[in-house]
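See the structures that follow.
Each of the two complexes below includes subunit A, the first together with subunit B, the second together with subunit C.
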Partner chain A sequence: MDTAIALNGFIAALFVLFSLGVIVQRQMLSTLYLFMLHAVALTASAIVLGFALGSVHLFWVAAITFTTKVIAVPLVLRYSAGSEIYERREVDQVLTIPTSVLIAAVLALIAWIVAQPLVQAITDRPFAAMNLPTGLIAVFFGAFTVAVRREAVAQLMGILVMESGAFFASIAIVNELSIIAEVAAAVDVPIAALVIGLLIRSIHHVTGMTRVGLLAELKERR
Partner chain B sequence: MQPLARFIAINLIQIAFLLAFAPLLEGVLARLEEIIQGKHGPSIFQPYYDLWKLFGKDEIVSRESTWIFRFAPIVHFAMPIFVVMLIPALTDYPLFLAFAGDMIAVGFLFSASGFFVALAAMDTGNVYGPIGASRTRMVGFLAEPVYMVAFFALSFVANSTIPYTVNASWALSWASMLQPAHLLVFVAFLLLVLADEKRLPVDNPGGKAETAMIGHSNNLEYSGTGAALMKWGSAMKFMAVLIVFLNVILTPWGLAATPHWGDVLMAIPKVLGKMLIFLIVLAVIETTLAKLRLFRISEFLASAFVICIFAMGVRLVGVG
Partner chain C sequence: MLTWILLVPAIAAAVTLSSRRAAPSITLATSLIVFILSWAAAAQVEQGTVLQSFYGGLTLDAFSAVYLVLVAFVGVTAALYSIGYLPAHYSEQEGASPRYRAYWPLYNLFMMSMLAVPLLANLAVVWIAIELTTVFSAFLVAYEDRTTALEAAWKYVALTSMGAMIALFGVLVLYYAVHDAGQPVTWPGLIAAAPYLKPALLSVSFVLWLVGFGTKAGLVPMHTWLPDAHSQAPASICGLLSGVEVSGALYMLLRIHPALLRNPGVLHPQAWYLVAGLLSVAAAAFLLLQVHDFKRLFAYSTIEHMGVILTACGLGANAHELGTVYQFFAHAFTKSFCFYVAGLATIVYGTQEIAAVRGLLHRSPVVGWALLLGGLAIAGAPPFALFISEFQIVATGFAAGEYVATGLLTALLVLAFVAILYQIGRIVFGEPAPTEAEAHAKLPATSLAAVGIAFVPMFVFGFYVPPPLLSLLRQAATLLGGTA
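Presenting the complex of A and B:
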């Protein structure tokens, strides 16, 4: 059990690092790769927890996460917004990157402090002490990515990071959720990616770009 | 032999180890990069030939320069030798001078040498020297707070900033190696090593254009013995930083556990083996990444800073 907790802590640190990477990385394709690594870390954590708690459901969570987030989302995005991801280099930011990483540090500290009372309330879950704050950090980072990026594809990554963070926290607390609920939650992810991807495609078709942060100005100019 | 005399002797072996193998590391790294790029490349002993050649040449010193220009190579050459007496280069138990200074003192010694090198670069009136010196200072003042926070994070984990104690606290068990704080400090320190040693993506060590240089234009004006001391000093600084990175932070194993001569001498190939593995990783990093634009370096180091803050935070809230 101690080894599993140590291993899970290591994976949690990787999870936070990859979430930070989604905020920091300027290039679209690297953002996508970092998001995939982030999902791989979630999968690994689910596998470790599955072994440690002897829960078959967590292996299902791992399998579903891997197929949806590491395989399906990149494929769907390649189909729906391929040119935006594979041909563009840099993503616009509202804030400069040093400012946004400093805000990210503050968000992480807030997440740790906010999670403390919850962690103390559920002492019977051995992994919650690590997973709950970490998942909350990823939720905050995802929300921050959505706020700070001017680019629709990168904002989609932010939404998916939030979703992964919620999963990361919940697998440590509720590990006996029925599979049908997990499948339902997981299928939403590629569908959301598909819908937003198609939206991105039509925005690109109409305006010639996907920098949605600039679209507000177009309206005001008239 | 008396324990104290033996410790002093082991310290001298560490200095000899640093002096002897530092140019080899540069040669191996250059050769590895050439191999990855599909070239043949010079022999791994090329830095030794270069040093030999430079020591045999006449030295030309500008009439406009002051004593700083002649003093800087000596400081640059001497500081890594002081540093290696403070850090666990070959042994995992503290030696003669181990408690004379901690990792912050190591940072101070390196900054002292960096200070003199930057002054010397500006001293001669060469146009490229001041550009390189001010850029080096820019990277330096961005990197130093990160070093400080990294050392604080380490001291939270190990309750000490003495490198021997930090090394012992990681080497305790697998669980302590897997601590989240360990991973985060390691990642941040890797970014710092790249920035501080002027490797890609911060600076291009193989670059030949003076206008794009950061750290490598500082010693353009040196010739003969001065150039040899600068070159050897830089190689030793690189090796000392690698020793801190590998023996203290990343892989605290393979060091001599007893003061027996056999153990101490057996540690040399083990430490060199770890360095070879790291150099392969470094060569891959250097051949796959492009150089960052100058004002992107702050982003690179800001990420390292925030990762260190995470490492500290995860210790402070007591989950890692």
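Presenting the complex of A and C:
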């Protein structure tokens, strides 16, 4: 068990680093690759926990995560949003990268503190102390990505990082999620990626860009 | 029966994908079938039965039956309204290329996801249904392929998806807590487990739900997507979004309320409801004063109504029980009526700008009177259904000794009342502005019929509720109380 906890701690560190990478990476394709690595880390954590806890459900979670987020989402996004989206190399950001890193550090600290009541309440799950705060950090980082990125694909990555964060936390505490919920979650993510990808394609088609952060016509006049 | 309620719109989505010409009539027919099935299921629930289907994966109790019937009813009127409204309104738009072909399949999928919310038993799967309501309605909001419509759709998807992910964290923590307490992760399981849950888990889950589902419900300050989406989406979709979709997220917050009351370790849960509710009512009341677009006017009114429902929860069980459920109930058909009329007013004038519209009563008496009556109804004037709920909430709030919160709510309701009627008055009274209206003046018959159907419950339920329906509402209210 100690080895599993140590290995899971290493994976958690990578999970946070890849989430941070999604916030600060300037290249579009690199952002997508970092998201895929982030999903691989979630897969790895589920496998480690599956072995350590002897839970078949966690192997299902690992298989579903890998299939949907590492394989399906990039493919679906390429099909729906179109290859021209990827030709745009630079990703706009509202804040400078050092400022983003600084705010991300503060968010990580806040997430760690916020997760402590949960960690103290869940004493019967050996991996909760690591996965709960780490998952919450990813949720915060994902939300921050949506806030600071102007590019639609990068914002979508932020939303998916939030989802992965919630699942990273949950695999440590809910290793008996019903099979219906697992399958439904597996269907939900590619559908969401497909629809949002198509929306990005429409935005590109109509406005000639995918920098959704610059769309600001709708507001209440004074 | 419950399985068919979900299967029928799924089949309709598949059929309408392949048959463009018949899509409107197929959707209308299947929506009617779903409404009849939902009504029949609710009638059984009213007799004291909790319906189950699909090995317990689908279940229906009194409160979910109320929401199911509302979704099905608004689904019928919105389908009927769309048949005439879409060709009449969008064919005249220059430079727009509406997604008419995609509209009906997406409409049916959107309906299916909304119908799934009250029917699904497992809380994690309910979350997925709520997320799918956003996914399937994104292109309905962006029906017109214009920059502003796409901007609204993106804001809608991005913000509500962020909220959904925050709520997911809360759902999964609650999943652990309820499962750990030895109960199934369903609404009855949550209530049974509530007294034994660790307060920290329940409290954190609730706060995450409040932020996450609150975003989807349009609670202030996470509301910014709501007026934008409602100003850009077709009026039929606005009726669905505002009437029943945002209520779906609020449905989650209402259903967790009795669990919070039953756990002695969760301190002052009602304070959260009061603060969130009053903040939304206050912000909406002031925004109603400065609004410039009449579809945004009704969107802000939705934020106000969501706030009133949460405030009723915060005021305590007396105000909460029937008043909350009745407000939730009356909001659905009243708000969809208002958006349908707003869509017709847009056809008459070719604009949504309040400043550009004058003398609607002269230009189109039917639409003018409908808008005036709709304005009175959402403002909470008698004899309409929302008057009953708002009066009951305020009266019981004062009776329970909650003078400050109830006084504040009353003042804000009066402000919202004045603001709504001021804006509606600017539109319906006065001399008609010179516009290109003549070309747009012919109103589609199916849309007028939908307005007429939506008017019936809005008006009749203000002074008479059939005893079986009242019994169902009372049972739903009991489920939301803390002591059932």
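Note that the second predicted complex is superposed on the first by the 214 of 222 C-alpha atoms of A that agree within 3 Å, B and C clash if a C-alpha of one lies under 4 Å from a C-alpha of the other, contacts with A are read in each partner's own complex, and residues count from 1 in each chain.
Just so it is clear, contacts are C-beta pairs under 8 Å (C-beta built on N, C-alpha and C of every residue); 3 or more make two chains touch, one makes a residue touch a chain.
These numbers come from a predicted model, not from an experiment.
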item: Contacts of A:P190 with subunit B and subunit C, given as first, second, both or neither; value: neither
item: Contacts of A:D2 with subunit B and subunit C, given as first, second, both or neither; value: first
item: Touching partner for A:L199 - first (subunit B), second (subunit C), both, neither; value: second
item: Subunit B versus subunit C as contact partner of A:G165, first or second or both or neither; value: second
item: Contacts of A:G50 with subunit B and subunit C, given as first, second, both or neither; value: neither
item: Which superposed partner A:Q155 touches (first subunit B, second subunit C, both, neither); value: second
item: Touched subunit A residues, subunit B compared with subunit C; value: C
item: Partner chain(s) touched by A:G142 [first = subunit B, second = subunit C, both, neither]; value: second
item: Which of subunit B and subunit C A:A108 touches, first, second, both or neither; value: first
item: Subunit B and subunit C footprints on subunit A, overlapping residues; value: none
item: Subunit C to subunit A touching residues, read off their complex; value: 57, 122, 124-125, 128, 131-132, 135-136, 138-139, 142, 145-148, 150-155, 157-158, 161-162, 165-166, 168-169, 172-173, 175-176, 179-180, 185, 198, 200-201, 203-204, 227-228, 231-232, 287, 290-292, 296
item: Subunit B - residues contacting subunit A, complex; value: 174-175, 178-181, 183-184, 187, 298-299, 302-303, 305-307, 309-310, 313-314, 316-317, 319-320
item: Contacting residues of subunit A [partner subunit B, same complex]; value: 2-3, 6-7, 9-10, 12-14, 16-17, 20, 24, 96-98, 101-102, 104-105, 108-109, 112-113, 116, 119, 129-130, 133
item: Partner subunit C, residues of subunit A touching it in the complex; value: 117-118, 120-122, 124-125, 135-136, 139, 142-143, 146, 152, 155, 158-159, 162-163, 165-167, 169-170, 173-174, 176-178, 180-181, 184-185, 188, 191-192, 195-196, 198-199, 202-203, 205-207, 212, 215-218, 220-222
